[in-house]
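Everything on this sheet refers to the single structure shown next.
We just call them A, B, C, D, E, F, G and H in the order they show up, numbering each chain from 1.
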Amino acid sequence: MDQRQIYQLLCQVRSGAVSPDEAAGRLTAETEPEMRVGNYADIDLHREQRQGMPEVIYGEGKSVEQIAGIAAAMKEKNIPNVMITRLSREKADLLRSYEGLGLEYEAVPHIGFVNRKETEKRGKIAVVAAGTSDLPVAEEAAVTAETYGNFVERVYDVGVAGLHRLLHRLPALEDANVVVAVAGMEGALVSVVGGLVRCPVIGVPTSVGYGANFGGLAALLSMLNSCASGVSIVNIDNGFGAGVLASKINRQSVHE
Amino acid sequence: MDQRQIYQLLCQVRSGAVSPDEAAGRLTAETEPEMRVGNYADIDLHREQRQGMPEVIYGEGKSVEQIAGIAAAMKEKNIPNVMITRLSREKADLLRSYEGLGLEYEAVPHIGFVNRKETEKRGKIAVVAAGTSDLPVAEEAAVTAETYGNFVERVYDVGVAGLHRLLHRLPALEDANVVVAVAGMEGALVSVVGGLVRCPVIGVPTSVGYGANFGGLAALLSMLNSCASGVSIVNIDNGFGAGVLASKINRQSVHE
Amino acid sequence: MDQRQIYQLLCQVRSGAVSPDEAAGRLTAETEPEMRVGNYADIDLHREQRQGMPEVIYGEGKSVEQIAGIAAAMKEKNIPNVMITRLSREKADLLRSYEGLGLEYEAVPHIGFVNRKETEKRGKIAVVAAGTSDLPVAEEAAVTAETYGNFVERVYDVGVAGLHRLLHRLPALEDANVVVAVAGMEGALVSVVGGLVRCPVIGVPTSVGYGANFGGLAALLSMLNSCASGVSIVNIDNGFGAGVLASKINRQSVHE
Amino acid sequence: MDQRQIYQLLCQVRSGAVSPDEAAGRLTAETEPEMRVGNYADIDLHREQRQGMPEVIYGEGKSVEQIAGIAAAMKEKNIPNVMITRLSREKADLLRSYEGLGLEYEAVPHIGFVNRKETEKRGKIAVVAAGTSDLPVAEEAAVTAETYGNFVERVYDVGVAGLHRLLHRLPALEDANVVVAVAGMEGALVSVVGGLVRCPVIGVPTSVGYGANFGGLAALLSMLNSCASGVSIVNIDNGFGAGVLASKINRQSVHE
Amino acid sequence: MDQRQIYQLLCQVRSGAVSPDEAAGRLTAETEPEMRVGNYADIDLHREQRQGMPEVIYGEGKSVEQIAGIAAAMKEKNIPNVMITRLSREKADLLRSYEGLGLEYEAVPHIGFVNRKETEKRGKIAVVAAGTSDLPVAEEAAVTAETYGNFVERVYDVGVAGLHRLLHRLPALEDANVVVAVAGMEGALVSVVGGLVRCPVIGVPTSVGYGANFGGLAALLSMLNSCASGVSIVNIDNGFGAGVLASKINRQSVHE
Amino acid sequence: MDQRQIYQLLCQVRSGAVSPDEAAGRLTAETEPEMRVGNYADIDLHREQRQGMPEVIYGEGKSVEQIAGIAAAMKEKNIPNVMITRLSREKADLLRSYEGLGLEYEAVPHIGFVNRKETEKRGKIAVVAAGTSDLPVAEEAAVTAETYGNFVERVYDVGVAGLHRLLHRLPALEDANVVVAVAGMEGALVSVVGGLVRCPVIGVPTSVGYGANFGGLAALLSMLNSCASGVSIVNIDNGFGAGVLASKINRQSVHE
Amino acid sequence: MDQRQIYQLLCQVRSGAVSPDEAAGRLTAETEPEMRVGNYADIDLHREQRQGMPEVIYGEGKSVEQIAGIAAAMKEKNIPNVMITRLSREKADLLRSYEGLGLEYEAVPHIGFVNRKETEKRGKIAVVAAGTSDLPVAEEAAVTAETYGNFVERVYDVGVAGLHRLLHRLPALEDANVVVAVAGMEGALVSVVGGLVRCPVIGVPTSVGYGANFGGLAALLSMLNSCASGVSIVNIDNGFGAGVLASKINRQSVHE
Amino acid sequence: MDQRQIYQLLCQVRSGAVSPDEAAGRLTAETEPEMRVGNYADIDLHREQRQGMPEVIYGEGKSVEQIAGIAAAMKEKNIPNVMITRLSREKADLLRSYEGLGLEYEAVPHIGFVNRKETEKRGKIAVVAAGTSDLPVAEEAAVTAETYGNFVERVYDVGVAGLHRLLHRLPALEDANVVVAVAGMEGALVSVVGGLVRCPVIGVPTSVGYGANFGGLAALLSMLNSCASGVSIVNIDNGFGAGVLASKINRQSVHE
């Protein structure tokens, strides 16, 4: 039970919809203690049912032991599609030796999966990438979106210095509910795409480049200052965040 | 006829859906020359019908004469709700003296309107602002969204240092299709809101603050690094851009 | 009732210390609606009794009308010592014409007071400033601390380029429970003071300087990298924040 | 006689092409002393004949008296087309009262002229600008290029968010020997133009924008990281420098 | 005898409390020469008795030989709890081979100990950390504080994107005299904690994050601009400094 | 067929110069599908004939497999002089084992060649470098320019702190149509060269330096602010871009 | 008596050169209390005799009342040549009305003098400036150096884009003991001068420039990275600091 | 013969002191061609006799072959004390295998010597360093100064957080003609030393530190903004540059 639910419960108490006894009962049934792993993690076991999105482990800066501990605890609770993002190949190799974990690893986007399941897909997200070097980030967005139940169309290597490549692929963007545009260097792809499509566009600057690129800063500032409207941005190289946001927008947009 | 339409026409020619003669006829009927104002502007008269959004004039850096010239040309074409953003009170006062322009001015968000019309509204956008000083940006987002046909709920002065204020207003966010979160200082509002709602959240950092705020850089970086997923960002003080993007998401999300 | 109190109440319900009925009763008695001023402010009327510190209005970026509205509402609730920080002389002059507000204005630290009262003082805070130009920030810290019930000793114009001036004043720092060190330029004062006193030191970088000072960045970085331990920092020119923190430390340190 | 000429003279002495006596004679005939104005300026009277480009006065940071003194000295030597760049309207109004100076002032690019003459023009430079707010910089480039004897075609208000505007004007760029592309915001215009034309492209970032634009830094970094080849950059708002460089390239490219 | 003591002695001489002869005697008894190690270090042997805190060796940038030399000299003087901070595992392994040094190594916070002793503890410090990746810095603060004689309560993995986790742990913060809040990414934890507790809060930004995090800059700026009062900051990843400062505040706050 | 050609075709249709049928026929003959390599690259096979410059592969951030795939596809189409820039020695060694690729590798500028052919050369470009450490970037420019059919004169180790070295080599710059000036440290070479030659100068800042050089930022800013006119800049370490631009300028300048 | 003198006295006590009684006597005779002005300033009356340099008042950020108070106190003590640096014309006009102060004002370098006296001059300092706009800073250095008793030779408007101007003036630098080189824009003057003269060179970057100059940052970084040895730097626009340092070097260098 | 000498020769020709024939003869005798090494270096063989300082090789970014080539050419010309700065231990080990080169290597300051000779020393330079980690930079300054013929006094580990350590060593600074102050972290040492000594002070910021130190930026900005006069700065970690400048000042200051 998270704090929003606690608050809602109290509102119901106040309004009379729920009796104080009932409220106290629900609070007592709270099961959080078993969610703690070691002294270093506090897993949110109810997130899937609440947000419709699987819990995610950010792999960078965690030891292999910590990752294994958290993932095993989640698998035991039968949480499906536990994603481990930013998981280096070295850590993935070590994690494969943990018996019972059953890690699957996608090498390009550096994502590990535990307890992977097929998901049902609805609605379409287009992931557009400027250059071949931007693929790891683009794939992180694409694989995230697929895992969260969306169809994904990949439109890669369409940088604006050769506009015709993007224009040839325009029909692929027509029926998308949201476009994720991934680009390093000067990031101009976002402005051009933003001027061509009707749906929301999420820009993902990448750290691809050198010199006055400053680790993606050039693309980031360029996208933030885009003269196209209807465009917003996530952090440099944050394909995962773009995938999550695109999923939320797509899901809302699917009319049945 | 914009270049996407030109390209689509050619695709139809290629597929046989449209004959070359028909295509040539449509191209000849193209009327763009009359859209030019002086040597300084090239107005897009078909944008309303194409994108469902009124053309907008960015008021900063343009002279009063230029703004008046562009707005008059658009009014003559009967384009409704011509918005002039970032319009200072000084320029607005001067523009009011232009006969026949009929400028209306919203002082808080610094927006001018020419040929203002009532718009039909559907679906709800919540605009959340951390402090009283963030209101000009929040209102720019809110007024933009209203002009583009969305219901807007304003939730102001709910900075995270007094969490209870935000929590008391949570029900107002429940049925929004998208939340615009406006904050200066450290911009933590976006992370907290992002963790509390299900729908997409658009963060707008503001330049409110001093010292190591560096004109909104602190809030911008904070929001970009938000540990909450499903969050994206627009430029510092870009209430207009957030309003446009929120409109696009809300419109897609309305099921009828 | 803030959200911490709500949570504590529920803990008491869960533990049996408070009955559900009692809890619901307390929640119903909650009176927050009357705290709203216009659509732009949401005042925390219980803060004084909860935190022992008067509510504060940040004057920058608020209109005179907004400031007057908030201050009047607080005065009506008889909240003592309503401080308006970063209040320009121009706004102060306009606020003086608001009947019944009774604004008092301290010109050096740019602080306005409404419903000012004498406070009882305990324990000592030393405010040390490097140069005469740093006085507005130093006084903001000093006046804040006095308003919150602390004795303040001012030790001004003791920059490290003339070490003897600081050393002559060392005895004044001996019995302070906390030192606030205010400096612009290169901010070295904090490192030197940090090496000379036993108590906690709060560094306040100021924007005094020019050229590669970059609006206080030089002093800020210098203080953050101080080789002295037991030192922490607040934002550039944030005398108010230092005054509040010093008050908290001093209050805890007074043994009776 | 500049130091390159001194050195060449010595090389001729060394090779025997010029006798030592002859060399000493030429050095003695040197007339530089009369070029000094007050103690603050040292004018290069032979620059026109050497570089084929009129001497230029950078107006910012010079007093009206200094500008008048330098311009008068140059006019007296009958140097044609003395340009005063970055000349504010206020200074221009004051300079107009200097008798005999005969200042002419172009208000949009902030350029003053003394001893203005008609120049013969050859070859074509295209100046492309993204938005109406970029005109002062674009005009600085255009007027500079015209003054230096080049035909200039202006292609304004063709930002990439509405690609069709640029594509409609493409024929105007076909026969240019060099394109100057002027843009603020995210500066993507340079990448798109760089991918569409064969000739060299000079990017001029402008300080148009707000927030994370940081006074033109966003456009500057974007242009520096352009994925299009054959593109180079001058300083933010440096229309003059772009005009000079474009003149050099155009002049070399004219075949007769 | 440090320079503060020298000065105090002279004050006593001036006031008559100590005779000049006595003063000269004390100065002569000064024993500093034996504190020098090689030509690279000048150890402060009296610091423990003066400040109540063990001397500390900053391990980064020092060779293993230098660290061993300094630590051995201190152990010989029987200084307890010699801490070596930022000591890499590689150096620690090499130092273990130094006979007689008896190095103990805490791997998570990268701290080495020589001559480690049990310390008596009084009063409580809470160390709060946003994510698992922030543990090395949090543990540096916690172990430092324990070494300096404070009880420490660890509250880890309570990032603000899942507010309920922090709220569930609130009771653990209730009786702390000071809270150390450790967070990377956007650092919003400090603002939220600052609004929830009464005692002083020390923010420690960490370098955890990527992209526009810029090595902890995002968290640093966020914390500096916190809208919560009573909060101050130490350098990025400076868990040690936070631990020392927290110790000073806690020690002052313990009433017996 | 790129989008400029599509647009030109339509203009001809509109003007009657080409019939719609003819236009449709040309569009249908379009052969682009075979240009795709895997899902990661979209090669522009007609670029050589269109722009007169060989296609280039940016080697950084691409896997060896991707580079080999693209290069092999291009070789199969008999595209001459396929350049792979920023190709590390490690990748080059691996690529050499790909049968049939026939990679040649230039170690100093880190450029690989596939299907290398002799090119005919016309006109002269001078490449000037400040120090020995700048050679990799200078050679990238020089080898690029030679590959694109230009004579290149190398003038190396002529930093401005020993002006005589540059002055001794001045005659080598006399008959160049364009000068590429490569410098790290403070980049002053560009200003000095810009004041000495008549032709256009392209500045290439390098990342050579340390401390407040910030990876080439010092040289970049220095060059952007050059007081010499007729100078423009490319990205830090972008020898390739300078080589391409110099080629374009030189080619235009050759009169036959 | 400053803290260095206190320490030296104690050393003499320790060595027996001065008796404790004598030492105590001297300390008692200390007269510092009368040096305090208001609560905002602590004047160092013995500095002239100790350092041979008149006390200086930094005018920026001080009120007219504060400046007048300090200057009057110093004049009363008959301190000669009291300099007030960075004194705006507005403040100077107000200070002229203070009776008995006798302010003299140098408008170009913005320096005020109280109790101005003729000084005896020895040895030569050359002040070199790149452009006319750099004169205020160059004059601040020159006037400071003259006030402190040095001959100054001014060599102005010798920017490196026209190297011959600097070379013509080289003889003026031959017999200087130190050169102060003042330049904005790209600051290359320092590297070139540093390579031409034997004596120490002090670089002063100025804030002259625009765009990517960033208020003098470009010149600052350029000078710090100078490839010439024997060069050091002071803060942007810090002509005063350069003048003081040049005086120290020149004074040491004068052999009599 | 460098370009200053060429110019002086011409001045003598102009004044009649040297006949044209004589001048031509001297120019013809010029021997520069043999100074070139490969195509990558242009050695200045007369520098020792002209500037009294041995030629220096900057080792970073040069290959071992290039360093060996340059050093061997210089040794062959019998240039004494060829210094190779920033020479890594790896390169030094490789260079030792070059027969006949006779490399000597100082490991702490990373300096290699070829043809090392004893130098006569005069006058005293003090090198002061804040911490043990600053030693490599401090030693680079010290060894450079000794090589150039100065006595050096080392005063190490005297950071300002323990002021007494610096004060105890003050007598060592008394008779120095110049002080080099080396410090990382917050760099406050320079301000404190600058306030204690009479002679010029050269600050050398080091990259020692972490977090918001940003590779030495904190110390650099701190030193640039020093409130002490008579202080100037060289680049971060530039011990060599400080050593050269100190040598120039010391040499001028020695009176015989």
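Keep this in mind: a contact is a pair of C-beta atoms (placed from the backbone, for glycine too) under 8 Å apart; a residue touches a chain by one contact, two chains touch by 3 or more.
This is a predicted model, so every value here is computed, not measured.
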Chain pair showing more contacts of the two, E-H and A-B: A-B
Furthest chain, CA centroid comparison against chain F: C
Distance-maximising chain from chain H - centres being C-alpha averages: B
Chain B and chain G, separation of their C-alpha mean positions in angstrom: 53
Centre-to-centre distance between chain G and chain C (centres being mean Cα positions), rounded to whole Å: 38
Residues of chain E whose C-beta touches two or more other chains: 3-4, 6-7, 131, 162-163, 167, 196, 211-213, 217, 220, 224-225, 229, 235-236
Contact footprint of chain B on chain A as seen in their complex: 3-4, 7-8, 11, 51, 53, 56, 167, 170-171, 177, 196, 198-200, 202, 220, 224-225, 229-236, 240-242, 244-245, 248-249, 252-253, 255
For the chain E and chain H complex, residues of the former touching the latter: 1-4, 6, 32, 39-42, 44, 58, 60-62, 66, 70, 86, 205, 207, 215-217, 220, 235-238
Residues of chain H touching chain C in the complex: 130-131, 159-163, 185-188, 191-192, 194-196, 209, 211-214, 217-219, 221-229
Contacting residues of chain E [partner chain A, same complex]: 131-133, 135, 154, 156-158, 162-165, 167-168, 208, 210-213
